[in-house]
Structures are given as C-alpha cells and as structure tokens.
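Next come the structures, one after another.
Each of the next two complexes has subunit A plus one more chain, namely subunit B in the first and subunit C in the second.
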Partner chain A sequence: MTGLDPTFWLDQPPFAMDAEAKAAALTQTMNALTEWHRQHCPAYARILDVATDADGPVQTLAQVPFIPVRLFKEMDLRSVPEDQVFKTMTSSGTSGQQVSRIFLDRETSALQTKILSRIMGEVIGRKRLPMLVIDSPSVLKDRNAFSARGAGILGFSMFGQNVTYALDDKMNLDLPAIEAFLDRHAGQPVFLFGFTFMIWQHFYKPLQALGQRLAIDQGVLLHGGGWKKLQDEAVSSRDFRATLQDCAGIDRVVNYYGMVEQTGSIFLECEEGFLHAPAYADVIVRDLGDFSTLPPGETGLVEVLSMIPRSYPGHALLTEDLGRIEGLDHCACGRRGTHFTIAGRVARAEVRGCSDTYEAAA
Partner chain B sequence: MSSAEKYDAAFIETFLLEPKDLAALKYQEVESWDSVGHMALIAALEEAFAIELDIDDIIEFSSYEAGKAILSKYDVKIEPV
Partner chain C sequence: MKPLPDLPLTIRVGGPLGTLDRRPLKPYAEPVLAFLAALSKALLSQAEVREHPDVATFAFWCRAANLARLSAEFDRRHARLGRGLVLHIAPSNVPVNFAYSFAFGLLAGNANLVRIPEGFVQVEIICDAIAALFDRPEHARVASMNRLVRYPRDDAITAALSAECQGRMIWGGDATVAHLKRLPAHPRCVDVAFADRYSLCLLGAEAVLATDDKALAELVRGFFNDSYLFDQNGCSSPHLVLWRGSDASVAAAQQRFWPALERVVQAAYPLADARTVDKFTHLCRTASEVAEVRSATRHGNLIYRIALTALPADIAAHRGQFGTFFEHAAEDLEGLAAIVTERYQTLTCFGVDRQEVVDFIVDRGLPGIDRVVPVGKALDMGVVWDGYMLVEELSRIVHSA
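Up next is the complex of A and B:
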C-alpha cells in the first residue's frame, strides 16, 4: 500500500522497478495526493470540479487529473496554511514573462532533497564529491531572492564538497580557480554542474578561444536547463558530449530534464541518449488537440508526474514541452522505467528554463 | 579546543550569533541559517572534525540539538564543557 507516506518510495532504487509494479504503486500515491490537494487547496478543488468527471480514485496513471503548469503563474496554489510556507520558488523566465510561484513547506522541501539524493547516487555514487560549478557565484548573492538558476545550483551543491565556481562575477572563465581546484583534487573523481547554455557559452567557448584543453578525466558533468539556445546553434546532445570530452577531457556528461514545479524528481539521460523516469516520477505524452494519451513513438505534449509535491498541487502537470516516449523498461542501457526524448516546446509557449532564459552579453 | 567548543564555534562563526542563542537554534529560524548558511555550517563542521557527512544527515541536521546526535554517528561526542 502506498499512500501519502513516502517511505516506500525512499526505499526504491531509482531505476529498478518494472513498469507494471511501478504504475500500480505510483497510481495509489497519485490518488492519495489528488485527494490531499483537493481537501487542502480550494482553488485546486474547484479546478477538479470543472475539469474532471471522476471524483474518486483512478485506475491508471493516465487517468490522474492533471493541470497545466502555467496555472502556477496565474494563481497562488497552496495546500498548506500560509504560515507553513518557508520557501517560495519562482521559475526562470525572461524579463516581462510571468513566473511560476511554488510554495514549499519543510516536509516537501526535505522530500525534494531526499528523492534527488537517490537519483544523484546514479550520477556520482554514494559519497559527495569535490564540486566545480560552471557558473558565477554572483547568482547566489541575493540570498532573499534566488533565481531558479541560483536555487538549482544551491540544490545540487548539497552533493558537492569544496564547492568551487569556474566563472567569476562577470561570467568570465576563472582559469586559476579551476586549475587550483583540479590540483587540489588530482586523481580523484570530481563532480561538475552547470546549465547547458552557460557551459557552452562561458566554459567551452573561452577554452576554445584560448586554445586551452583541460584534463578533468575523472569528472562527471551534470547539466540541464533546456536546449533551445543550443538547438538554435545546431548543437545536439551528442555534439555537446563530444565537445566537453574534447575540451575538458570529461568522459561522463549527463543531461537532465526537470523543472522547478517538480524539483527533486529529475529525469536523467542515459548512455543511449534517452531520458529516464525514475521510480518516483513518470511521463505521459498527450495529443495536442484532445489530450488523449499517445503511444510510444508519437510526439505530443509531455505530462510529468511526481510523488513529491505536498505543499502545492503539482503532482501531475501538463508541460509546454513536446516529447516522445521511446520505450518502457527495455532501454539498451539496462535501466528500467519509461524512457523518452524531448523534441522542443510548443509554438507560442513562453521561453523558460535556466539555460534558455539566460541572455548572454554580446 | 574540546569537541563542544569546536561545535559551538562552527555555529557562532558561520551565523554570527552569541553563545546564549545556540541551545534553541533551529534551521531557518534565524536569517543567517538559510539554505546557503546550511551548507556553510556543514563545511565548517566537516573541517573542524575532519569528517564527511552523508547527504541524508545533512538534510536531517535541522537544529543545534539534532546536530549533536547526528555527529555522534561519526564518533564525534559533543559533551557539555
């Protein structure tokens, strides 16, 4: 029985549950979350009244009522009393765009980190590693108003030690800092983190311009935040990996897909180039016209499910991303679970994503 | 310095507090112990005691008192001075 209690999920390794067992358990948790939010968030309850016929438990993940992610921009959706909110996260957006407001209480915030630590075990192993952040420490300067970018860096910094920044306050490559970091941790695995476009623009490009090659041969680089800007430059995930291997000697480059509305349950890209749903989350692809579920191989709107959100009704969200399910359980990489690819964003959707909203100085 | 003194010093120096403020101190209840301050505190404790905390212990480290029990798992005994 899996209801609201997260213990069952915290005991699951991220990529070992088979699709059938996982769907059954996750559907139960989704039912419990829908009911919890219906009772604690009046605005969400009104949406359910209007938008769905079912007012009881559902049988499949596809039947779980979902709401568009954009609703968090348009209204304050909260399932805990205001005085229990201890952190409000906002989405990234370019200037002039509305941002999402996500309300966190202590329980949801702690659960985000615990689930993320299970998934991060796949990337860096059990121990925290010396960490090089490919960004500027200035994004953390205003402690009262983090951008989603700052919150992302801070969230992943928990998995690092001796956290060092590779860029200075003006986003210039800080080679002395990088070299000192690499000397200090020579012969040791190190963890690198950054947003896709920042890494390309402010790490790879300056290294290339300097004709410099780094030898971070025990490095694992995790990056995310959106591909739109690099797609504009016609850089694929495969190109990105090959380039980072070439300019910095990093053998393991792992992309992730995730969003501030479901912080914690991120989707990791495998060696085959597919994003994988961990046990704690899942992905459904829906038709753009009638929102019916689409079979593997067909491109549509991506819906994301996560067992984490308790303080806001974000457990089943329709994103504005286009994607395609590539398969269930049988990826050549050996990981189980739904695997998928993201194809871009629907036309006229707002630009978002920590990487994509960044406006590089010309 | 005794373990207790080192433990107190990590809080006092990271959060700029007075010793009398420590006993009832909880995460997020003073401005300086926010999520940024938290990682600074963990780094200070790891250095002071030459230990490496597990991620779950960093998450559970939610108060001055709770921290003592967590450090005991790493063979660090915080006894009253």
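Up next is the complex of A and C:
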C-alpha cells in the first residue's frame, strides 16, 4: 500500500517501474494526497466539491481531480498552518505578471530534495561534481524575489561542488573564470546547469561571436526553463544539443521539464528527444474542449502529477502547456515511464469586450 | 471659431484637423440622414460585409427607413442644435462600437472626432466606406465636420482635444471614465460616460417548457449571441440567469434550455485555447470565494453553470467568463430588489412580461437596470443606450419662453 508515507517511492529507482504497477501505486498515493488536502485546505475542498467530479477515491490517474496551475497565481492555497511554512517559492514572471506562490513546509521541502536527488543520480551519478552555473551570481542577490531562476540554481547547486558562475554580474561571459574552472577540474567529469535561453543567449552566442571553442568533453549539461524564446529563433532541442557539442564540446546535454509548482519531480529528456516521467510523477494530456484524456499521439493540455506536494494542494495540476504523449514504457532509450514532448504554450486569444479602451495603446 | 490646434494624431478619415468645421446642425438634419443612409447602402452592397455580422447589423441599423422612424419619434417640442464638437473615445476591443458612437454624435448635429480602434478588419471596412462618401460633393458638409483618428494613449492629446469639446462619449468602463474625467475639459463639455456594467437574464420556466423546437432554437441562438459573441465581456452580456417558476418547472426547463444551448456553443464557439484554462481557473476561484455556490454543472468546457443556494447581494462582483452562468430560481421578482445596484444595465427576458419588469423597477425605485429587452437583443445598440437618450444628451436646447 502506498499512502501518504513516501518510503515506497523513495525506494523506487526513477525510470524502472512498469507502467501498470506504477499507475496503481501512484493512484493510491494521489487518492491519499487528495484526501489530505481536502481535509487541510478549505479552499481546495470547496474547489473539489464544486468544480471537479471528485467523489472519493478514484481508480485511475486520469480520474484524479486536478486544478489549474494558474490558481496558485490567483489564490493562496496552503495545507499546513501558516506557522509551518518555512519557505515561499514564487514563479518567475515578467514584470506585471502575477506570480505563483507556493508554500513549503519542512517535510515537503525535504521530499523535494530527496526525489530530485534520485532523479539527478541518473544525470550525474551519485557523487557531487564540480559545477559550472551558466548564469550570473547576481540572480541570487536579489532576495526580494526568490525567483524560479534563483531557486533552480540553488536547488541544483546541491548536486555540485566548487560552484562557479560562467557569467559576470552583467550577464557577460566570464571566460577567465570558466577557463580557471576547467583547468582546476581537468580530466574530471563536471556538471553544468543553466536555463535554456540564458545558455543560448549568454553562453553560446558570445562564444560564437568570439570564435572561441571550449573543450568541456567530460561535461554534463542540464538545462530547462522552456523553449518559447528559442522557438521564436527556430532552435529545436536537437539543434541545441548539436550546438552545445560544437561550441563547448559537451557530449551530454539534458533538457528537463518542470515547474516551481512541482519542484523536485522533474521530467528528463532522453537521447531520443523524449521527456520521461519518473516513478514519482506522471503526465496526462487532455482535450482542450472538455478536458477528457487524449491517447498517445494527440496534442492537448498537459496535466502533471507528483507525489511530492504536501504543504499545498499541487499534486495534480493542469498546466498551460501543450504536449503529446509519445509512448508508455517502451522508449528506445530503455527508460520506463510515460514519455512525451512539449509543444509550447497554449495560444492566448485576444479577449473581446467593451472595457479597457484608453488603457490599451492604439 | 478658431481652428483646432495641430496635434500629433493620425487622421484615418477626413482632412487636416485645422480644417474641421464645427458649426452644428440640428438633430436628424438632412445632410446627416443622407450620409448615414448612403453609408448603410454602401456597406450592405459589399459582399465582404456579409462575413462580418457586426458591420451588417450597423449598416442595417443606419438604413434610411430606420433613421426616418427615429427622426419621427424625436421630441421636437424644443428647438435643438448639436452641442458643437464631440470627442468619442471608442472601445479598443469591440470593432464596430465606434461607428454607432459616431452616428449618435452625427444624428445630434455635432462635429465629431472619433478615436478608433486598431487591428480590426471591420474598422477598416467602415472607415473606407466613410472615406469614399466624404469624397463625394453631396456629403461635403458632413465630411467637413468629422474626423476619424488614431493616437496612442496620450493624455496631452486627449486634454488638448477635451479643451475644445462640448461633448465627450467615453466608452471603456470605470478605469477609462475615471481617467478621462480627471483631464480638464471645456467648461460646457457634457460627458456621456459608459462605466462598467453588469447584466442578467430572466427566463420564464413555463414559457421555455412551452417552446416548440423552432422557438427553442431561436431562444438559445439569441442567448448565445448575447453572451458568447463578446466572450461574455459585453456590458450587456448576462452573467446571471434568473429562472422564474416553481422548482419542478425550473428543473425541467433547465433540462430543455441548456442542452440546446450546448449544441449551439459546440458549433459556434469551440473553446480550444487558453480561454478554457481561464474559464476553469475562474470556476475554481469562484467555488472557493463565493459561499453561496452550491454546485457547478459543466457541459464540457462549453457552458459552466453555477447553482446558488441563495442570491448573494454582491453577485454582480462575480462575473462569468467565456460562458459561465450563475443560476437561481424564484417564483417572483423580489430577488431583483435585493441585488440590483446602479451597476446593473441590461435585463434580457424570455417568457416574462417585460412591462411587468419595467413597472417593478420603477415602482420599487431600483437604482439600476436601464434596459429590459428580449433575449437576443442584448447587444443591439440604439439611440437609447445605458439609460441615456443619446441624441438628446448630445444636443442643446434653444429655449423660447
């Protein structure tokens, strides 16, 4: 039986459970989490009663009641008393946008770390590696906003040592620092981390402009944060990998998909170019018209499930990303677990109506 | 009269600002009626207009016969003239509204400066038609009095124009109204301000049950047009459906009404973008914020119906989105008296005696509801709008004792 106790999950390797056993176990945990949050978050309980079909335990992951991830931008949803919140995470948003507020207690925060460690083991092995962060240390200095970018860097820094920043405070490439880092750790595996667009804009492009080529041949680069800006430049995941191999000699470039609302249970991209759900999480793709589930191969709204969230009701979230399930368990890369691709954000249509005339600059 | 100052705005239709003729006409003046009737003809003769029902509706509204009827109904006990120059700040996200606003200003006898929205083909169609008419000698007088313009949000320009205006038509809700009212205007300037409004629908359960299939189809089509055409964002789009009848007849009428509406929405408003997420998020938030919510019935993502245990006094603060309707049933109209504030604009009705509703509003001295119209007519603009008689508001009386 798997309920709220995470022990069962912590014993699972990330990409080895077969689909049926995983679905059965994860459904049980989801039922336990739904019930936990129903009892501890009154707003969530109201949402369950009114806006979802939830009516007690469900049989399949698709039946688990889900809420829109955007709700965390519009409401404070908490399943622990306020005095147990020891960290509030916010999503990064461009100025003027609302940001998500995610309330963490010690238990959920610790579980995030444990689960992330298990997944990261697949990327860099069990040991901490010398780490090069492809970002500016100034991201962490603005403590005003514990932004997703800062949180990501801090979170992944747990898997590195001798953390070095590849960019200076002004987001310029700091070649001396990079070269010193590579000299220090010559012949050793190193871990590189950054956000997809930052790497492209502030690492690859300056290297290209300088005509410089690095030889980080024992490097593993983990990157995430979304493709939107790079899609505008028509850069695919494959292009990205080839480019980083070419400009920095990095053989292993791993994209991840994840969000601050489900920190910890990230989805890693495999050599085949598919994102994989680890044992502790799953994805469901839903039809935009009625939120019914879509079979593999069809594109719809991505819902993400995670066994981590305890201090806030975020275990089943409908995102605003479009994606497609590519298969279950039988990826050519050998990893088990639902594998999928993300196709970008759902289109936002201009809303009609009589208001807001003068505000909108003509 | 001094010419208007030169200002950095883009003239879409008409000559330079400095050449604007501000001498007023009387309401329903011949040159204006001739111009609007010609505009109606010009638009209705374009095949392209058929693809834009909003343009066609406007063109049909300003046809000669309708203008003649409005003119005949106009109260001429007093001599009247246009107030002078009217500035129209039209909504940026409803394409055709500017044309009505312009027409009201014209019918009242004014010179008009209309700030028009960007990015709608409908706006360009109407502007092109107006420009072509302005070039013809028979419309020279009307052409000399009117300019359709564009300029970015710019208080300096709006203030400079406001100082010259005897009337302003301010569309766009509370924020725009509050903002523009802060700008100094001509001392004689009359502001007709269109604030944020809230609208609702009253359905007689027995009448809905008595419809044949054809009448039901017409009813739900009308309800669809009222609600969905502007993403339920029109000031006259309903957010609350009040059912009148016994519990049993209301339950049966709901079974007849909503599935029929669902079929229309399915065909004409397939929601397949971020609006579905917005709509679901709104439903979740409403569930947790409004204590009176009993349950929700979702027809896919096409219609969300929110049943209430009681009508919250502040129900107008909880607007629907993209086809989300609060529902409540009662045997009489008393519920209205408990909720209606000055924010209420349009009550659309079906199967209810509209005069009875009007009498109730007047007898009970309700602070709001300016329009009681059949379902399907919510968006029909006219010279009486938002509680104003617009031609009267935009003209002045030359009184003789």
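One rule holds for everything that comes next: the second predicted complex is superposed on the first by the 343 of 362 C-alpha atoms of A that agree within 3 Å, B and C clash if a C-alpha of one lies under 4 Å from a C-alpha of the other, contacts with A are read in each partner's own complex, and residues count from 1 in each chain.
To be clear about the criterion, a residue touches a chain if its C-beta (ideal position, glycine included) is under 8 Å from a C-beta of that chain, and two chains touch if they have at least 3 such contacts.
Nothing here was measured: the structure is a model prediction, and the numbers come from that model.
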Pick one for A:Ser117: touches subunit B only (first), subunit C only (second), both, or neither.
first
Comparing the two partners subunit B and subunit C, which touches a greater set of residues in subunit A
C
After lining up the shared chain so the two structures overlap, which partner does A:Phe86 touch, if you call subunit B first and subunit C second: first, second, both or neither?
first
Give one of first, second, both or neither to describe whether A:Phe8 is in contact with subunit B, with subunit C, with both, or with none.
neither
Return first, second, both or neither, reflecting whether A:Ser157 touches subunit B, subunit C, both chains, or no partner chain.
first
What does subunit B use to touch subunit A in their complex?
28, 34-36, 39, 43, 46, 52, 54-56, 58-59
Inside the complex, what are the residues of subunit C that reach subunit A?
89-94, 97, 115-118, 150-153, 158, 171-173, 175-176, 179-180, 194, 196, 229-231, 233-235, 270-278, 280-281, 283-288, 293-296, 300-302, 306
Show me the residue ranges of subunit A that touch subunit B in the complex, using the header's touch definition.
86-87, 106, 110, 113-114, 117, 120, 126-128, 140, 143, 154, 157-159, 161, 163
In the complex, subunit A touches subunit C at residues 42-44, 46-47, 49-51, 67-68, 70-71, 74-75, 288-291, 301, 318, 320, 345-362
